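In what follows, a single structure is set out as structure tokens and then discussed.
Lettered A, B, C and D in written order, each chain numbered from 1.
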């Protein structure tokens, strides 16, 4: 099977180049998530992620009203805000790491659109850039509302990742895939973030539909927490995002080493299943 | 009462508060900032509503439900004794007399009928004080639908009777234990739940907020208030149209419905917000619960909790169309304190025999203040929407008075 | 639903439920058994009401108050889902949608207007659960009268919110600490108080009880229920008139008002009493509170306390005209238990989205029972007056369910 | 001033003859009241009243809903009912006294019409007669409703006393006075039974109006409790009824002797003021 080509006029950004390169050598991609500012030394989690073999790292900027998140990430957001976390402080913490060069993996920030609008898209993207962030996920900014941000992000060198959902009709999926940068975030199921017992059937179907319209890397997210699920996901997608499973452990007191231990079997599972996804 | 010369200002450009807004936008506000998983569901609701709204069969069925079940039309009551005291001619549009006791039923019956048309078997709703929840449970029972109502745990404690009422009507009430455990969080939770239930459930939002088509749809379903009032004023007033049209604003549905009947007239439109929940008067541009509008936020862009004695005004934002009307200058938005609202409620009870909902009392408090400080010239005519009855607030008032 | 052949019985002789009864008598019931000190006051009320009732000006003013303030006409709601379940066609006359939430307001606005016409400056009333008290306080506030409401101490404890509501409306609520400290004693106390206040006060009785002219006057003021329903049935039903007309009976005012609209038709009239307050079904001839009628009494002729979960049915007697309709066979009176009433209330909530007053739930409980045991043949049409909304009963129900 | 003559065709009954006789010798009439069955030995109060110079005695048959009584007599009624008092038992107690012959003063029963209807007017009046009762007062049976009882009472030899009130118009007062038997009960004020600070002004006015239409004895009742008030009443009427003032003392535990002591100054006051009422 060959992938439809993405418009070659648009050169891939750093995040996408990084992910494509790894995918193209047959590696299953792993993007763990952490809520920024969740603990005093929270950036140590990023180092642990990198050490565990992450291919990208998602950092959530906590928002008061995380309407697409399940309880775990809601609690993490509340906890981080209660500690005084804010966009400004979290980006300041990231600046000290200076992103990719230091960790060796790209940083992708995720947050709700209100925080983007609060500073204004320009200022917000510029701040991300200064902090060494390469990508941005905004779950409540669907493609048809994204115009205001896409150009600005592009200009600032921030890759705006768009989400695709099992409910997205095919023509719209093509548009999302075409306009997404970095990768396409495939929401595995009709639901919020949070651990689930098994990989939803909708995951395969959605990934297949995305494949038909793009060769951009596709990461499956929402509900993936076990090596088995990762293996399953890898059969269809280029990799996985692991969020709630990480944050539940963090909320339960896990330190960076615990998380490294938690991610190791996931990494392994992704590596074992080395057939290229169909 | 003295008659004053009629001062009339130019009528604003056509199309304000008219048909479906392009791309769901009211000026720069509105839109469909929904998670991708809900975009298709929102589109379906929008399309279904557009079709239904253009279908005389649907309109007729809804009009009949509103008449035989909800008690429409509601009267226009001249508040004679209070008018005498204030020196203005005050008319009350009596949404307090509808079934379940507030304008919420207008919207809910429309959405429930739409849900049936769309083949949905369940309604999802958020509620704060419980008025919208009770209305949703009511409409669901009437049409044989299921209902799941999300309600913050703190509100469940404060409004135990409404919780029982919803359950008696057969609805499931789900406690929301996240965030501030009030309306804002109940709304978030309802949206989260809808993501997993779009196939068989309709999310019945309670005000002119949320992603497109809700702000427009809910305004259209509430415009029956304004349309009726417009006709009643035409019959009742020498001038045909009142000088001022006033309504309280939580999310803004009763105000939107009222204003819609007068947008193309010279009437001055006034939305009255709670001092502690003044999205339109003091909010900043933002996006929440699927729409771009004005929201109360802290310096970091986090949404702050609203505080009002009136549970229905306890929402940190305002519907996008109000933000737009404000920008246009077509309506203005003022605020009233808890204390003013309570005093206005008592005054209406004493002079007109009507115990208003504390939400509605906000609108009245502004009329009283404005009549006192000359902002409402003597003899002016004022139409005020009395959005609900005060029964639900009696225990709150009892503690205060 | 199956159609059944129309069985029609001869219409009873003219004059039943008509103009003022001679000497205030309905057959052997009624009369003016008032203490001599009140006889003149009763005569004045009777004369004033007769004049007013013949005066189109008064009628017009009252009709306007009922329309613009109380929300009349109230709808006739076909209870579609419940009808389907029961196999009869049930229509609800929605007095629950009036201002203050029950039919009591119809009577009170009339008497308050009459009091104004008579130059009185104050209303006196008795109340049990507080519905009539709230209605009286409301009408007084609206017309700028004072109001003094007598309420048994036990009821004051049980109905704290209604007490507050009356006070908020500006009424004085006087606790009655004698006897059983409930409605019966509140009525006695109101009459005692009136003896000392006939000069400036009108005693606003809450049902079709008391000395002449009250039973007739209150029935006339409530006949708006029946008259509206008659016209609505004519428009809605193929047969024009329902087969059965059902209403709950405490003192009997909502039933009297309803029956009055159908007395001259072949409709069968059914009054539903509480098992523990069945004056018409089980009372003995007696005199109480100024009229001769049927009352619950012990073997010594002492009036016994009624017991019903519905505070408004907690009266040991029944209006004299009902006693007469019973003797004539024009209406029949049946009873329903607390338990049946509660179950009927829940059923109406679940099927039609209406939480009825527990009083009204008695009428429904009989309809449900009679539809079940064939007393109401399949396909018959039933008009039932839903006398009030259940908000006031929610805390009672909450404890039970 | 001469009295209009009552229809001579109707011969006065025993109670009326007794009262007329005493009045005609210039005596101010005293009718104390007691609630029947209020205490175990309640008939001792009747003896005490007789001994204190009562000219007639009123015995209340307690009713559950005494709508024309103030708190004192309400409480007395409740107390008597709680003790098990009933028409039957009270009349049985009275039978043992056998009325006038024993006490030397006529007994007048007062009660609400429900108790009369309960037994039926015939049976009720016959029972009164058997118990030696001479008169009957029914405060909630106004003259226009009295037809059903008047003939029956007359037939049973029971004098049905009618009440007149300050609100009664003159023509009706004439009818009441004509149809009343025993005496005319003049309600001194617009109010219920119960002690008052002073004699109401309406008392004189009403008595005057009754005088204009009858020469039947007129007793003023409601609110009379002190010698001063009795003296005042005596100026207009032929005598007084003293009810609540007695019953308050009974409720407070007063025995027959205490009541005799209480009535003595009232008796004296009525005797002192020996001018014939104008």
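Quick notes on this structure:
Following the convention adopted for this analysis, contacts are C-beta pairs under 8 Å (C-beta built on N, C-alpha and C of every residue); 3 or more make two chains touch, one makes a residue touch a chain.
Because the structure is a prediction, the values reported are computed rather than measured.
Touching subunit A and subunit C together: B.
Among the remaining chains, the Cα-based centre furthest from that of subunit D is the centre of A. Subunit A and subunit B have centres, each the mean of its CA atoms, that are 38 Å apart.
A separation of 67 Å divides the Cα centre of subunit B from that of subunit D.
Note on chain placement: the centre of subunit A and the centre of subunit D lie 99 Å apart, centres being C-alpha means. Not a single residue position of subunit D touches two or more of the other chains.
In subunit B, there is no position where the chain touches two or more neighbouring chains simultaneously.
In terms of inter-chain touching, the protein chains here are arranged end to end in an open line. Here subunit A touches subunit B in the complex through residues 63-71, 74-75, 78, 81, 86-88, 112-115, 117-119, 139-145, 162-169, 172, 176, 187, 190-192, going by the rule given at the top.
Residues 23, 31-41, 178-179, 184-185, 188, 191-192, 195-196, 198, 284-290, 292, 295, 297, 300-304 of subunit C are the ones touching subunit D in the complex. Of all residues in subunit C, only 67-69, 71, 74-78, 81, 94, 96-99, 101, 137-142, 144, 160-161, 164-165, 168-170, 345-346, 349-355, 391, 394-395, 397-398, 401 touch subunit B in the complex they form.
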